[in-house]
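Below is one structure. I have some questions about it.
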Amino acid sequence: MESSIIERGLDLMLFGMGTVFIFLTVLIFGTAAMSAVITRWFPEKVIEAAAPKKRASTSPTMAIAPATLSILQAAVDKHRNR
Amino acid sequence: MESSIIERGLDLMLFGMGTVFIFLTVLIFGTAAMSAVITRWFPEKVIEAAAPKKRASTSPTMAIAPATLSILQAAVDKHRNR
Amino acid sequence: MESSIIERGLDLMLFGMGTVFIFLTVLIFGTAAMSAVITRWFPEKVIEAAAPKKRASTSPTMAIAPATLSILQAAVDKHRNR
Amino acid sequence: MENLNILWSDSGIAQLTFGQAAMMLVGLILLYLAIRKGFEPLLLVPIAIGTLLVNVPGAGFEAAPVYDAAGHLTSPGGMMYYIYEGGIATGLFPLIIFMGVGAMTDFGPLLANPKTLLLGAAAQFGIFATVLGAVSLSHFGILDFTINEAASIGIIGGADGPTAIFVTSKLAPDILGAVAVAAYSYMALVPIIQPPIMRALTSESERAIKMVQLRPVSKTEKIVFPLLVLMLVAMVLPSAAPLLGMFCFGNLMREAGVVDRLSDTAQNALINIVTIFLGLGVGSKMSADKFLNWETLGILGLGAVAFCIGTASGVLLAKLMNKFSDSPINPLIGSAGVSAVPMAARVSNKVGLEANPHNHLLMHAMGPNVAGVIGSAIAAGVMISMVQ
Amino acid sequence: MENLNILWSDSGIAQLTFGQAAMMLVGLILLYLAIRKGFEPLLLVPIAIGTLLVNVPGAGFEAAPVYDAAGHLTSPGGMMYYIYEGGIATGLFPLIIFMGVGAMTDFGPLLANPKTLLLGAAAQFGIFATVLGAVSLSHFGILDFTINEAASIGIIGGADGPTAIFVTSKLAPDILGAVAVAAYSYMALVPIIQPPIMRALTSESERAIKMVQLRPVSKTEKIVFPLLVLMLVAMVLPSAAPLLGMFCFGNLMREAGVVDRLSDTAQNALINIVTIFLGLGVGSKMSADKFLNWETLGILGLGAVAFCIGTASGVLLAKLMNKFSDSPINPLIGSAGVSAVPMAARVSNKVGLEANPHNHLLMHAMGPNVAGVIGSAIAAGVMISMVQ
Amino acid sequence: MENLNILWSDSGIAQLTFGQAAMMLVGLILLYLAIRKGFEPLLLVPIAIGTLLVNVPGAGFEAAPVYDAAGHLTSPGGMMYYIYEGGIATGLFPLIIFMGVGAMTDFGPLLANPKTLLLGAAAQFGIFATVLGAVSLSHFGILDFTINEAASIGIIGGADGPTAIFVTSKLAPDILGAVAVAAYSYMALVPIIQPPIMRALTSESERAIKMVQLRPVSKTEKIVFPLLVLMLVAMVLPSAAPLLGMFCFGNLMREAGVVDRLSDTAQNALINIVTIFLGLGVGSKMSADKFLNWETLGILGLGAVAFCIGTASGVLLAKLMNKFSDSPINPLIGSAGVSAVPMAARVSNKVGLEANPHNHLLMHAMGPNVAGVIGSAIAAGVMISMVQ
């Protein structure tokens, strides 16, 4: 009664893609709802224009951490203000 | 012959507070003696006025380590002296 | 039939020094060959005059990592160029 | 269809119990307190995430690895299992944290005025009074605490997170979650809990007392002091040697001046890494059966009592010392003896400034503040020695 | 003489097998690709060194420790044994890497335009199509893949290294080396693989479509979003909770703003340390008997197919969405749904600039790009749940 | 009363043995040497603290964990137990340190003048002469060393801490404390031990010899060299592959230019963390029964002899090479072949400047200096292969 490997592969595809799409669709609605709730009831000072230049990278390839850069920026700023 | 839990609690309190006080009292005398010995026989250039501004924090909440700050200070100083 | 400990020590010395000398001698020829091949067929812009001042230390005693220093240098340079 | 069944029966909703849902709510509340209210976020954020993860139905974060008869791994354990067994059951994580805290601690103010060590002793009264409270609740059948649990609850009053975790993981691991959450929460609440007690027990003129400036302390004294503490602990109370040994090691690295590389790492990369995993591991004990019961409420209540009694004891002894001391002692620095470094010292300073705007007590309060760390480590040693 | 024999019989040349020599060559090729060609060097350099070391004849890097009957250690294990068993068989290393990646990820662009999450779903079609391909090869007797291996091969198409390693170490550890090498190699080849497919499936005018600027996103949204993902995963697919839980934990540390110490360490010292050992540990599965066979060629081939199908699916769904959406959607951002963060988003941007020099798609492509990370973690959860 | 008894019988004074007191004194002396005299403090401070802690009577730092019949943990082990078993018995800590040292090493000067590798070979004669000395002492019944111990004592002459620890933990763990202390102490004493020997074996005119400036070395040579060493080790002496493999891995990360993140972490956070625990773990072998005996005096004495012979051998071979070489070779660079990087090279430079104030030998001495690291790792491999 073992299903063939092909059938198992088909099952994986059906249920896998199904789950992925259902999950991300639910997440779309959840995110939209969350944003609506927060924007309406918990408005805040906007922190950035969605284009986070300073911390944009999600790659592990950057050699200098954003934190280090901001420390350095602070050091330079501090000096400039003397 | 098991002592009741209340008795064990009382014991803990007596011996606990006793040990804490004895230990710290001995430490007071030990510290005073040590400081006296060092001040008399191993005098040194005083390094700070007991108000260590640069390294005062014992909290793990500070985002920048004192070492980093002093490195940066050195960098800025170095530049100023150019 | 166990060889005496002295014999084992002598063996260790003979084969040990032998291996060390053979290995490093082979490495000398290997290195020379490698350098010759690279210099002839894969020439490159020379990166340093074999006197790597910035990263010379192989000691773990240096408190500030070369990387940190170069970051700081960059910060100071950046400022100087303003 | 069968696959749909597998996915459904594996899904969280199908398996979610009421307890898990409630614990997830607890996790979210902790996150709110940590992020919005600033309650010791370095520990409470990882603890809260640990709470959320360990209550994900069917995710098996706590599962132990399974081996077959021949000793081969058939199923690896969950992440939380490895973190808890590797770092908390062994005691390694709290000890490494303590080393880092030692490397962040400056004993200068304490060395300049060593008698403030007594204030660090007095404030530990909160610990033992609470132990007595817990065993009384147990004796009268109100709540059901063993002596091990009572000792662990008392140590909340030490206002020192790693110490509380170290003791509780040894004596009563089942209440580790509640004890750690209480300890860190009350440490965060020090600015709210302490001032009323301090004001109630002191007069306006006492709060305005100016203390003489602290004498300079030499580098040699700072190097020798951690060794002195370590030798004394070794002679008097070896069960406190792991905690205080690592604390003094960290402090020695800081003051030695020749291993700044190691001191910096102990204060930064290493303590941060361990904090992340310590928090997750503590969170792994936040399961419904261990947290959702009346005992937890008792733990939270008793912990608050411990803080209050410790604060009061410190202030009262400082008042007494002021009577007999040559140099004036502002009673407000007594409350800093509970530790909660450096929050409690800042509270002393703030309440002092209210009474006298030119009276800066911060450095004077740092003495009892770090003495409180030593004091509660000693108290922890007594617990481990007498209870275990 | 006897000693000469020992040294000779212990020497590498005497013991070297053809397979080991070939695998050393593979290691050197990987190093060349990593160092000269820039193929994801952070992982491929340690993997390559691991490959070299584990194929040193007689060095025993993979040896398990030996205990006598009384349980005492008679011979310690090799370094690779400890690294693999401690960090990869337990799943800890990929999870810690995922936490660090979470701390490096900015969900801002995704939050500004949440419907791009669908593109991150579509691109996962490459995963499952490849699974089907692998089982077909097996069914027709061309290559011999089990369903576990097929699932692991498919996940290469997720373009997400830690996810691929996590799944494969659970489902089919024997092919871990080949799968990891394929995953990272193709991630590095994204700028070569994707553009032709993107150009073939879109018209010049589609590629020139300008998208409206993204709305600003508040700090609160960024804090709540990882929690939302975490709760949803907990309810729907607990088998994905380890991966996404740690990812969301890292992201929450980044956005919370109160634990920057921890976030910085997770993004730097911790992820670097774990990357070194993860790479070495993966390399320890690069032995001749596991790598030098036709199946590896099949894995490399199928992995490339997975990337292509994923890219195409993303672009095609983006085209479709553009038809029905109020605001215009440039189909080029669909290819970023495979993840390979941030390389794939940069490719979208570059191809877009060719069609319209004023059209900057980078931020718009970051949405599907990070959505692809979530998507492939979900796919991984399905695999683990249905296959294991 | 009973409780007083418990506290008293648990106290350190009641349990202190003479040996423990003496070992604590040894720990304090090591601290004095490390902090005041600057003796390799990075290792000696942690070793000294480990010595203090492990000799705290009754603290159980070395205790193994206890499990009941069902395999449940009834009593966790002591901190030192976990550190030693996890990092030293497995060999992981010295290997990780070696990786970090590799990432700190610049092979440029060696590549510019590869024949200085021979000096790194000659200086290892100290190792094997000392082995012979140790077995002779044993043969004549003066001290009682096994061949394993003799090999471990010899490796002190390699002037390379991690190598000495790696070999000794494998061959003769009981003398690990004494060997490590001797190795690091003599490395610190290089500026005192070497100059008299160097002056005695060379003439003023030899010491004044100027060497030709080193040729520039290309990036490619620096990348290929660690791989060349690694492949050669793999072919010739696999037992040296763990040490040299990790060393070359570290160096490759440094020179590759594409994994600077990893190289920086290997040189900083990671090596610092491991140094702390390696030191503590070595200290855990500093118990009275293992350290307070005549063998330890023998180890210290033989270690000094090894350094002297190694220094002399290096200088003598350099003299010989100067006779036959086209370009002049200053014999002072021969002493740097013992390794003790970079101290020994600085000593060569300093003694050279005394003879000729314009003669800077530092870079020329760095060649034999790093060659000495390779040389003693090879010697270590021979020991492990022939003795174990």
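Labels for the chains are A, B, C, D, E and F, by order of writing; each one numbers its residues from 1.
Going forward, contacts are C-beta pairs under 8 Å (C-beta built on N, C-alpha and C of every residue); 3 or more make two chains touch, one makes a residue touch a chain.
Keep in mind the model is a prediction, meaning the values are calculated, not measured.
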{"item": "Chain whose Cα centroid lies at the greatest distance from that of subunit B", "value": "E"}
{"item": "Farthest-lying chain, centroid of Cα atoms versus that of subunit D", "value": "C"}
{"item": "Mean-CA-position distance for subunit F and subunit E (Å)", "value": "39"}
{"item": "Centroid distance [mean C-alpha coordinates] between subunit D and subunit A, Å", "value": "34"}
{"item": "Mean-CA-position distance for subunit B and subunit A (Å)", "value": "43"}
{"item": "Between subunit A and subunit E, centroid-to-centroid distance (C-alpha), Å", "value": "17"}
{"item": "Interface hub residues of subunit F, defined as touching at least two other chains", "value": "3, 7, 42, 233, 236-237, 260-261, 264, 268-269, 275, 382, 386"}
{"item": "Subunit C residues counted as touching two or more neighbouring chains", "value": "11, 15, 19, 60-61, 72, 75-76, 79"}
{"item": "Parts of subunit F lying in touch with subunit D, wherever the complex brings them together", "value": "3, 6-7, 10-13, 15-16, 24, 28, 31, 34-35, 38, 41-42, 45-46, 49, 52-53, 55-61, 65, 73, 76-79, 82, 268-269, 272-273, 275-276"}
{"item": "Interface residues, subunit E side, partner subunit A - complex", "value": "42, 100-101, 104-106, 108-112, 114-115, 117-118, 120-121, 124-125, 127-129, 131-132, 134-136, 138-139, 146-147, 150-151, 154, 213-221, 224-225, 228-229, 232-233, 236-237, 254, 260, 263-264, 267-268, 271, 275, 341-343, 363, 366, 369-371, 374-375, 378-379, 381-383, 386-387"}
{"item": "For the subunit F and subunit E complex, residues of the former touching the latter", "value": "89-92, 95, 99, 170, 223, 227, 230-231, 233-239, 241-242, 245-246, 249, 252-253, 256-259, 261-262, 264-266, 268-270, 382, 385-386"}
{"item": "Subunit E contact footprint on subunit A (complex, rising order)", "value": "4-6, 8-13, 15-17, 19-28, 30-32, 34-35, 38-39, 42-52, 55-61, 65-67"}
